[in-house]
Amino acid sequence: MTSGGLLTCGALLGLAAALVGAALPRRKRVLVTAALVIATCVVESVAAIGVLATGHPAQWHSSQLLPMTGATLALTPLGAMFVVLVALVAVPATLYWIGYARHGMSARLTASSYALFVAALLTVPAAASVATFMFLWEIMALTSLALVLTDQSRRAAARSAGVWYGVITHIGAAFILAAFLILAAHSGGQSFAALESHARALAPGARAAVFLLALVGFGSKAGVVPFHVWLPKAHPEAPSPVSALMSGAMVALGVYGIVLFGDVLLGGGPVWWWLIVLALGAVSALFGSLHAANSTDLKRLLAYSTTDNMGLALLALGASGLFVATGHHRLGALSLVAALFILMSHAMFKGALFLAAGSVQVATGRRDLDELGGLLRRMPQTGALFLIGAASICALPPFNGFVGEWLLFQSLLHGVKLGSTPGDIAIPVAVAALALTAGLTIVAFVKAAGVGFLGRPRSPGAEAAIEVPRSMRAGTGLLGAMCVVAGVAPMAILPAAERAVRATLPDVGSTPLAHGVQLQLVGVRAVLAPTVLAASLVVAVLLVAFLRQALTRRRDVRVAEAWGCGRELVTARMQYTATSFAEPVQRVFDDVLRPVRDIDVSHVAESRYVLESMSYRSRVDDRIESALYTPVITTVRRWGQFARRLQPGSVHRYLAYGLVALVITLAVVAVLG
Amino acid sequence: MNHSAYTSVLGLSCGVIVLCAVVVLWRRSLRAIVRALAVQGMALALVALTLGLHGHDDGLVVVAVLVLVAKGAVVPTLITRIVRHDVASRETQPLVNVPASLVAAGVLIFLAFAASRSITALASSASGRLIPYGMAAMLIGFFALATRRKAVSQIVGLLLVDNGIALVAFLATAGVPLIVELGASLDVLLIVVVLQVLATQMRLRLGSVDLDQLAELHD
Amino acid sequence: MLSGVQRGCAVLRTRDVGHFLIARWTFITVPSPPGSERTRRPRAFLGRRVVWSLLSRECKFHVRGLGRTLCADAGSGLLNPEYDIMTILRYSSIMAHELVGPVMSLASAWRTVRGTRRVTESLPGNPDAAVGPSEIVGSLQLRHVDAGSCNGCELEITSAFGPVYDAERFGARLVASPRHADGLIVTGPVTHNMAGPLRTTLEATPRPRVVIALGDCARDCGVFRGGYGVVGAVSDVIDVDVTIPGCPPDPAAIIGALRGLTQR
Amino acid sequence: MSTTWRALGEIVVAAVQVIVTGVGGLVLVGLMRKVRARVEGRVGAPILQPLRDVRKLMRKERLRPQFATWIFPLAPVVFVATVSVAAVMAPLVTSRPALGSGADLFVIVYLLLLGSTILALAGLDAGTAFGGMGSSRAVTIGALAEPALLVTILALSISAHSSNFPSIIRATFVDPGVIISPARLFALAALLIVIVAESGRLPVDNPVTHLELTMIHEAMILEYTGPDLALVTLGEAMRLALLLGVFVNLILPWGIASSMSVPALALGVVVLSAKVVAVAVVLGFVEVFLAKVRLFRLPELLAGAFVLALLGVVSGVVAK
């Protein structure tokens, strides 16, 4: 079967899964739908891998499917990369869903939307015309919105999250549509090929407008500051397999959109575009990691760290555009490879982390780190997988996040001193942002893993936690294994990323990467041997452990109570909580975060010197939300109040409105005609 | 003096000049700030000396000696006198806190570097390429002027600006007319003396040399 | 060589915790090195001539300009006998606030050091016969437990680990956690409130371990014998390996006992 | 030379570097304590005292806190293992270390980061207040030191066009003028501050403090006993030696062995030790006159290091 055929076949399978999800009785629904969804993923990724292996895009066109325009799918190597990325998250998430469905997410609408969501995620990167793209993009948005609202009957927070998500995602879609419309108006066609061939002839102003519109539209999907506000609301409220898909895969498609417009449709742009992307990336990375370090809700923390990782991807993307714009094509290609690898590894570890967080929520009923603790003993496998995910996201060797950051660092490093002023200034700043982000990410995830999974349980729920069903562990485990494999042997992924990049940036020339056992950047002196590094780490650990065992005289290990300065009662409440863990960081970045702190002290009636009770509250609000969105919302409300006055409830008045409108329209026609 | 040693010394002294400006923002102790100023004056003198020796310009050597005496010794000593009488000789609460000031200094350094890019592109000499350092010292001086509360820090800020301008002048023209440099130095000396008198008066009347307290005179 | 000992208690504001910290003081005065008999005003304490460093419970002051270098820490110090302790303490708390910056110039640091010379007195002779397990020979980490002491013994312990006696040269050191320790050094009679914590602390110490009962109170309750808050001597609560008598014991006696354990 | 011999040679070189950092690190700690004692007018413990301490700790009992997981015993092993791998890779004794082609400064930094991160996790594992406090502070300082560190690496690698450590050293041999270039000097000043912060020495952290509330690193390892504590002590010492070794080889790389012959290696060991000892003595001397900086004043110190590193980058770009 041709790749195009496979592509269609996959899409049909997805539709079938959605229908099955809506039709079958509850008992079989989840299992059958899940099987079909996994089959969809497999078929689509086979098609994608075919494209990546041959380098020839897969085409498919139907003039019947969408009214008037028809549907066009064309899977380029770049799109294929993203299809694989989606499939990498979707298969484990679906596997996880089988076990998770016992705790909700098994309703007809949910199952069907889930299948449709995955199918849309898989086909968006293959869309090759404006209508097809917007159609699939909207399906993706609507189904994910339905999934965010799964628990809305039980939780008000889910409803509010749904509203935020729905509004922002649709405003974003409007921006994307506007960008497409400008392009399409000039090219006279709506297929991407037509857009691409005419875009170069566009006036610089129009090109810039298109790029900025697309940047806002796709940036809002990618959760880039200042459009990130929906992420920390929607991700925690969505069911965990959906959070994993949204955060690992859907958000990455936002970055795909920026690459699609910047590099493919518009074919690159001036330096200032990319400086904006770079700046957005740096700000998002810093803001996201800072808030992740200060969140106590586990899933909210993960959501903020998604903003942080997308910021890093944009940083790489911006650097890539910058290099290409200043004529350093190979370096540009290297940065784009870094961006793709960062997205890929983000999909893996963030998927694993969200799934593990979901398991924690299922097992304990809580998401607040201050009420968790000691879970590694109660849930050894989930805990270990969370630790792997945390190590990966902290970019520690030998996990996949490390390779991504190394690639990004190297491309930035060799970008200095190329002779362009903006580059020379932007790059050290980018390196500093990258480094601070890396540091804050470590704070966030040492906190998440240490407070959540180590120490002693802080609530009865955490104390009574039991390990989750096998399918959930399998889903998480699959992603955890990917983190390790991609970290130890990134050569398995990088050739694909490289092919995608070479298809995207036509002037690269020779390959930017050489790989065997070690990863070698061509043209610059930079070598990384991830496999050797991992192997030597393992050998060193074994050797040191052996030496400790061999040289120790006393082999017995005595279990003793934790040392609490001689106190006879050391309780779980004496441990550091997530809030106290983040307090130093909070204080250092006081001016940025502006935390709200209250202390209430009540005294005994007899004497001011004797305390009765004392309470301390500290809250870190999202300042961008309060500074940027609250005024807009208030204004909209005020207009809403005004509009209310127009609706007194009188039928006569409404009919009169209709008459007035008709008269005005006719008058306009009369005057203009 | 061979060429590589010449560029090294020049580069290093320019680096030290910017570093001293950064130290002014970094440290809270007024004595340390004044000490940084003195070191900066000496580095400035070294720049002039190097340029003079390399270009065989005797006038510049004389200027170097004058700069060393005025900016490396006399002015810091005068300022130290003000500090000595000040009981709380620390810049405890700058308007912008120290880490933020340091990050701002980093930004200013880059800004200076970017802004003088067109000048350095034209400059063919080793000295011309170092102009960004002078700009950076100047900008940091302005920043110190704007954000520090103590009168002494303000004087130091002003002197940083002055040193920055002098450095740019040295590097750009490889030699300022002796008279101009003398005039400028005298101006600065005069300012310091006036400020010292003012500071003494302030201390007598207000008990400290915190500029924020001048606002109270308004009522 | 010692010419006078003064003891006191001071409240110091410390920079690294921002709290008030109670420090115990013993000022030991020594005559100045020959040929430098000059006296100066206590102004010498102010300003940059004073460099201090806060080392956990020890506050060290290096004072230059009195014709000698003064070095005071929580246990012992070398100060000019002319100034009474209150004056010194007033200046010392001023110093804590008005610290002129943590670094002094290298030149003045070097002068300080050259002026300090060696403070530690040499203790000739060999250690007593070994009394502890063989593992701790040459390396002995101790955790101090105050089981109800009047703080007299603590002063002597800090003295023993201070510059004059310098127990560290024999391989002994005080550590923060019993987990890191090879033994406990217990002072005072064991009070009701401290009996449990004392046992807990011993449990927290890895084997092989030694217990040193330091002072008459730890040995047999001393003057507190029969007190209503007292459980008994240390040996009534946990097993004791080494006893150091004295009320309080001389630092030299403490050093002697420690040398018996480390065999140095 | 046949491949087998070459491989054997590499293993020998690797072992030499690890042993030099291990033993040398412990001696270095003893030496710095000795310098401190002498400056304070004391005699102080013998220089070899840390070696004795470690030997004793290996013979002691191991305790495991009641609620600790497998992270707790694993952390010291990983800590030492990461420093060892870094010591194998870094050009300390020889400019052609084993695995040298992958010895990126970035990789070395992240290896050390792996060690400190797992130690921070272990601090939280026992479920005590002090452990959490220590690891919270340690990761905060680590996070703030990171920008200065990476920008320093950027500044160091500008002249060599590579962040590969052996390449940087070889580039220095080709053009010794690089050493006194402002770029290198600023970067080294920044690096020194970061090294002090990362190895937990004054004025950032006080390694001999007994007061739990002021502790950073010490609080994190408060639960370790016996062999585990020995490993942590060894790891810290190795880390200090490694960082100082990196530092001195960036200032004055001369004396480093450039071939794999035995005399060259022996000379390399001697010269490296001499250089590191010189720096350690100066550091130990200066430390006596430093007070520990308040925790919340540390950002100032590290922001200063960051500006120094930025100055290094700017100078490097200007000097092209």
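Annotations for the structure displayed:
Letters A, B, C and D mark the chains as written, and numbering starts fresh at 1 in each.
We adopt the following convention: a contact is a pair of C-beta atoms (placed from the backbone, for glycine too) under 8 Å apart; a residue touches a chain by one contact, two chains touch by 3 or more.
None of the values given here were measured: they were computed from a predicted structure.
Geometrically, the chain at the heart of the complex, using CA-atom means, is D. More contacting C-beta pairs link the chains of A-D than the other of the two pairs A-D and A-B. Rounded to a whole number, the gap between the C-alpha centres of subunit A and subunit B is 48 angstrom. Rounded to whole angstrom units, the spacing between the C-alpha centres of subunit A and subunit D is 35.
Per-chain CA centroids place subunit C at a distance of 31 Å from subunit D. The set of subunit B residues that touch two or more partner chains comprises 99, 110, 113.
The multi-chain contact residues of subunit A, meaning those touching 2 or more other chains, are 424, 428, 554, 558, 560-561, 563, 588. Subunit D has residues 59-63, 212, 222-223, 226, 295, 299, 306, 310, 314, 317 in contact with two or more other chains. Those residues of subunit C whose C-beta lies close enough to touch subunit A in the complex are 145, 177-179, 196-198, 200-201, 203-204, 206-207. Listing the residues of subunit A that touch subunit C in their complex gives 554, 558, 560-561, 563, 566-568.
Contact residues of subunit A toward subunit B in the complex are 421-422, 424-425, 428-429, 588, 591.
Put simply, subunit C touches subunit D in their complex at residues 15-18, 51-57, 60, 62, 71, 99, 102-104, 106, 109, 112-113, 116-120, 135-136, 138-139, 141, 163, 166, 168-169, 171, 173-177, 179-180, 182, 204, 206-208. Residues 293, 373-374, 376-377, 383, 387, 391, 394-397, 402, 405-406, 409-410, 412-414, 416-417, 424, 428, 431-436, 438-440, 442-443, 446-447, 449-451, 454-456, 518, 524-529, 532-533, 536-537, 540-541, 543-545, 548, 551-554, 556-565, 570, 572, 574-576, 580-585, 587-588 of subunit A touch subunit D in their complex.
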